[in-house]
Amino acid sequence: MNAANPEPATHWVLTLSCPDRPGIVHAVAGAIATSGGNITESQQFGDPETGLFFMRVQVEGDLTQNELETAIAPVAEQFTMSWLVDRVGRPMRTLVLGSTTEHCVGDLLNRAHSQRLPIDIVGMVSNHTVLRPLAEFYGVGFHHVPVTKATKAEAEARLLELVEELDVELVVLARYMQILSDEVCTALAGRVINIHHSFLPSFKGARPYAQAHDRGVKLIGATAHYATASLDEGPIIEQDVERVTHADDVTELVAIGQDVERRVLARAVRWHAEHRVLLNGHRTVVFR
Amino acid sequence: MNAANPEPATHWVLTLSCPDRPGIVHAVAGAIATSGGNITESQQFGDPETGLFFMRVQVEGDLTQNELETAIAPVAEQFTMSWLVDRVGRPMRTLVLGSTTEHCVGDLLNRAHSQRLPIDIVGMVSNHTVLRPLAEFYGVGFHHVPVTKATKAEAEARLLELVEELDVELVVLARYMQILSDEVCTALAGRVINIHHSFLPSFKGARPYAQAHDRGVKLIGATAHYATASLDEGPIIEQDVERVTHADDVTELVAIGQDVERRVLARAVRWHAEHRVLLNGHRTVVFR
Amino acid sequence: MNAANPEPATHWVLTLSCPDRPGIVHAVAGAIATSGGNITESQQFGDPETGLFFMRVQVEGDLTQNELETAIAPVAEQFTMSWLVDRVGRPMRTLVLGSTTEHCVGDLLNRAHSQRLPIDIVGMVSNHTVLRPLAEFYGVGFHHVPVTKATKAEAEARLLELVEELDVELVVLARYMQILSDEVCTALAGRVINIHHSFLPSFKGARPYAQAHDRGVKLIGATAHYATASLDEGPIIEQDVERVTHADDVTELVAIGQDVERRVLARAVRWHAEHRVLLNGHRTVVFR
Amino acid sequence: MNAANPEPATHWVLTLSCPDRPGIVHAVAGAIATSGGNITESQQFGDPETGLFFMRVQVEGDLTQNELETAIAPVAEQFTMSWLVDRVGRPMRTLVLGSTTEHCVGDLLNRAHSQRLPIDIVGMVSNHTVLRPLAEFYGVGFHHVPVTKATKAEAEARLLELVEELDVELVVLARYMQILSDEVCTALAGRVINIHHSFLPSFKGARPYAQAHDRGVKLIGATAHYATASLDEGPIIEQDVERVTHADDVTELVAIGQDVERRVLARAVRWHAEHRVLLNGHRTVVFR
């Protein structure tokens, strides 16, 4: 997914997962030491339920990505690892999908622009055109892809085409309001982050703030998760909440909630782009 | 419910609700002024959806409860109010129902004992005996009322008897683990507070921490609500959450959650005892 | 300060403060009832320490601002009140002062633009020019007012001139990085909101994140306060915090802190613009 | 400090710190692998400012403490490590010092008793006697050690004697209200946790809630830190805050703050007892 980095860098990140068994940390640390790298940060987690082991390591040293990969490869094979190496801080090529509300889209653009998020927004897609000026202000190519029942398949084909053309690594549904088909979810599995405007699994589906108001909850929340074929059931990356009162009507819940949404989405995107999120079945491991 | 206070006090609380229409605040303020009282704190809420108006007023002055009630009564009749007057700070007579875990029960006892909660715990009921020494240490009468399928009706009759005998105003289900029958919920409507160990409406029913772990949520919570015949659907009084990670197994979620439970329960009990919680259909108005 | 609203509106807000004594609420409620208004929201606070009484009332009814003011005036005189009436939701004319960082400025512009803040940003002032494109994108007049030791008096004169010309009600120091002189603070007393990038009174002065890092705190915060001649000592409007760890260096504290800053500043500006913040000596009363 | 564990256990914890240089993780992982242990949890931190490296590792395997220590010793010597090995979950022998308020003391006793804290409270010391019944209820030896100006030296001698006699590993100042002398702080360096009732460095010294009220802050907090000769300047372990309003007087701040204090103290004690807190100069590394 991530382009190879031929030039030597000072800082690499390695993530891996594999069936848990003795000796993994020792083998990985050994391979890194052999390659001339020094471990500057390391986190791991062994899940006793799934029997899987997860690790994220940052490595400093005068070595290329290829040299590090060559050192890791035999260990990876020995332990049947899923793994990747990337340069620390490399901006991830990101496609943002929005609709008409600008709070999430604008926040991502602003953060990326001022380098407060390690992503490179290479394009924006929307089924409406109101967000076009915002995209253009930040110098981001805007792609108007209308979606109707009749044109949904066509629209999704265009989306996949853009992912291909723009060499997209990450797709962010920034209150996109359209449900992706199972085919697209599968094609982009683990690469699509959605922000849902409730504290899942509460208030799945449409109009969560109206549901929350009706139930009389005292906190409202938002959930960033990987999009999967099962709507609102994807692996959760991050959640947060804000306090509300009986005096807040649905409009106010929406306003309060929008702040939570963009905060939660920005964190999830950051952690994903920094390779801090690993999939563990239908859950995530987040190495913060 | 609350015993009348014949002696003059310096501080009274008045709560009321009625259909909303112009002139309520003016009429109430007038009646209080006439009685010689001074309003020191006042909160109100008009719900445009239900058309109901809610108010909580604290009144200072050299007047008895009876004098204040006499002043309010005509206004209350005019506006068809549900209302009550009580002395600010009067400890509410409370019956605590527990099972085997002590975190909520112990917290309530400790807070009441050191006057950090405005309640007077007049008895504890449990279907087990492990909490007896704790109750006795705090000088609280312990009533062992075993519950089996066969004896449930009998046990509930004993519970209602105790409520009567001990002149109980509030029943707190402090992780009681037994479901009260519809009859008991109805008989004690608005007077039973339950703590549910999840952020409702997520994870209703049994084993919410196991459900939360399985779903991979990043925050766990607790909910204090009035018990109603619809399990876990009662009006919510207070909720709070705590952050958890992928590394927290169910046992750790339980440990983290217990702190949230007792914090949420203590707040709900405090606000109820201070007449800060008013029922608005299946929701609450909380004047904090 | 606020322009008079001649047209009848449905919703007015009245705020007042005065020495506390019996009968205030009754008198205000009476005046409102007489004018044909109905109280839809009301909050009050009597401070036993300062002996002052504070009130915020929302009034609905088919009456003009002038009619409401006429009804209140005699009561205001009787109780020696500071008071004002404004239309609920009227955008407050706001001048934003920024420097080079865009997180606060951009957030205010974006929120005001999408009507998520009840302010009308009538101009932006900066001693640098990097924020000019952002201002222009949102159609806000940009005024470059360089500040050096030599030109400080001149720059402040220009600032006061702009306040006059643009009929500015509120000045927001959105990480402006310049200290206003005592004269300007006095001239604009109660109308200038500053965001300080620490949890005051911790870490006053320069480089608070470096100070926080050095002290090894586990939470960092931000504080929105009214600017006064005593730097970092003005009345606090709002504060919030975020968790950090030993692994966060100063750069990361800054990044985390920026999110807190803009959240805290946006809340303070909202509450001020909604007339929810009243001055109580060197502290504030915030009717949320 | 910690007694050696001769019996083989399934789970060990190793903590270490040393000057940072390449190869530490590899060497440690190698030693553990050689000893037959498997790393189940591992956290590390290299501080670029102090040049120090910190690590906490949990090791599973059929090996004794002695076997693990023997494997680590040569590596520890090679890298000039400060290090220790302990059994995961071993309750730490703890002496609690209290005064007259029971919220922190009672919370620690209750948590330790119901095994919600990995400590064994081997005694309680107080300069008053009001907490004696609480200690006795939980079966904890109570030592009344009055402190006056004249007897302070004597009282501290008695304290150090008790630490010796009871084989105390950790001393907790649970709102003890007495300042330990420099000599005691030095003698027990890194083994005394104090809870300060403010969000340090705000409101050092006496009556922090009164100071907080006077400053008009919107959040109050508590800080758990290691006691050092410089009062309120010791390395911070944990902090948290709670929201307050203008309507909360000092008494209410105290009540709200007490909940924060006991929550913060319990976390700090847990993390210390689990060997999750390492000293890094005047700051801490907390591996949560």
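Per-chain residue numbering starts at 1, and chain names A, B, C and D are given in the order in which the chains are listed.
The rule we apply is simple: a contact is a pair of C-beta atoms (placed from the backbone, for glycine too) under 8 Å apart; a residue touches a chain by one contact, two chains touch by 3 or more.
Computed from a predicted model, the values in this text were never measured in an experiment.
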| item | value |
| --- | --- |
| Farthest chain relative to chain C (centres taken as mean CA coordinates) | D |
| Chain pair showing more contacts of the two, A-D and B-D | A-D |
| Chain B and chain D: spacing of chain centres that average the CA atoms, whole Å | 36 |
| Rounded Å distance, chain A centre to chain B centre (Cα mean) | 42 |
| Multi-chain contact residues (two or more partners), chain A | 41, 45, 247 |
| In the complex with chain A, residue positions of chain D that touch it | 21-26, 29-30, 32-33, 38-46, 61 |
| Residue ranges of chain B touching chain D (in the complex, touch as defined) | 41, 101-103, 106-107, 110, 114, 116, 133, 137, 247, 255, 258-259, 263, 266 |
| Chain B-touching residues of chain A, taken from the complex the two chains share | 45, 47-48, 199-203, 215-219, 221, 235-241, 245-247, 249, 280, 282-286, 288 |
